[in-house]
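For clarity, chains are labelled A, B, C and D in written order, and residue numbers in each chain start from 1.
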């Protein structure tokens, strides 16, 4: 289990290689990557273009929360390796925000673990997004969505 | 939608880059990779080490079946890009067999589409595996598992 | 003629990758299967499995589906890819 | 003392990243919240939200949980990472 909370970017291909390195027992690898979109899907239906996304986090608790979520996943499913990376700081459209990867002997375990980790990360890990429109000096805090809290109910 | 049935290997990192290239609308990318294990999980509980996996396929129908499965996924979920690669021929332990990747504005759509495609691919796409133990000249055909057919019922 | 293909363990059991079957008197896939099974005891045994899968013109099909001259019919065991 | 932290929009509303609060007379997080709200109308308004989240010693917690000298308590709006 490997958890990183970092300002730097990451390379999903390199993360895949690490999940697979000397790993001949887990036939299944599932990965999820979240990227910055270039618009904000306003609930009013009006889309606003986003130039910069600023990610604030709670140092210490962010790592602890992700570790706890990964442990819960490892208790529920027979997982080999689990990798979570979450970035903070200013990000541009297209940039990677989050990586979740898991390996298992069973494909459904690997895929379910990725979905589980993302669902809990979305509602339980202390990160906050602020969107800045092109040229804007003040940003808008992204509002939490009820659908994210609802997503936890299926687990 | 891009489907490949090929003998050559593939690079999941490069596939990720293609799914993301100039893609600023889909915040979510889900990927699944299946790799050759170095053992066969015998139902008797006895594990046998596997040196080579030979994948036979039905040329023409293999591509058609994967295309059909990808289309069904795209009808069920709001997907951006879908990529499926399935290899055939002789493979060694650790080698990639299959890649499924999908992008979406919604994380659950991307993850569900990967799981759906893998489930249908396992039971509906014409590929057959034969395992060769170390030094063995004759191999054993892998038997289809009821659990794979059962996995379709949830969709 | 009907272009008939066999894959995987079935191909090995029959020692045959494919053949051209006369379409005369064949109305559905079950009929084609029965005419193939009549080729000998090996064929009868291999084609008797209730696990046998069939594809008509490269799409999964079933035994009661009509087949005609020029069709491609493939028989194979349950698939195990992925 | 209790080490109190504020994040995201709450940090901006209060124009405060954190402070040391006297633990005397504080028994639970709700009490700490009330004493912070008493600092002025800005504080009262910002801390009144029923969406307010709280973490005790870097673990998600709730208002009725006991708090003591030396604890770290963070208040923040619903999280939006991932």
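Rule of thumb we're sticking to: a residue touches a chain if its C-beta (ideal position, glycine included) is under 8 Å from a C-beta of that chain, and two chains touch if they have at least 3 such contacts.
The chain lineup, named per UniProt: A, B = Molybdopterin synthase catalytic subunit; C, D = Molybdopterin synthase sulfur carrier subunit.
Keep in mind the model is a prediction, meaning the values are calculated, not measured.
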Check your understanding: Centre-to-centre on C-alpha atoms, which chain is most distant from chain D?
Key -> C
Study note, to complete from the structure: dist(centroid_CA(chain B), centroid_CA(chain D)) in Å evaluates to 48
Revision key, fill the gap. CA centroids of chain A and chain D: separation to the nearest Å works out as 26
Point to revise | Multi-partner residues of chain A (each touching 2 or more other chains) | key: 34, 107, 118, 122
Point to revise | Residues within chain D bordering two or more other chains | key: 82
Revision key, fill the gap. Chain pairs satisfying touch are A-B, A-D, B-C
Practice item. Please give the residue numbers of chain D that touch chain A in the complex, ascending. Key: 5, 7-9, 11, 51, 55, 58-60, 74, 76-82
Check your understanding: Considering the complex alone, what residue numbers of chain B touch chain C?
Key -> 34, 55-58, 60-61, 64-65, 86, 97-98, 118, 121-130, 141-144
Point to revise | Of all residues in chain A, those that touch chain B in their complex | key: 11-14, 16-17, 20, 23-39, 41, 93-94, 105, 107-108, 110-111, 114-115, 118, 122, 151
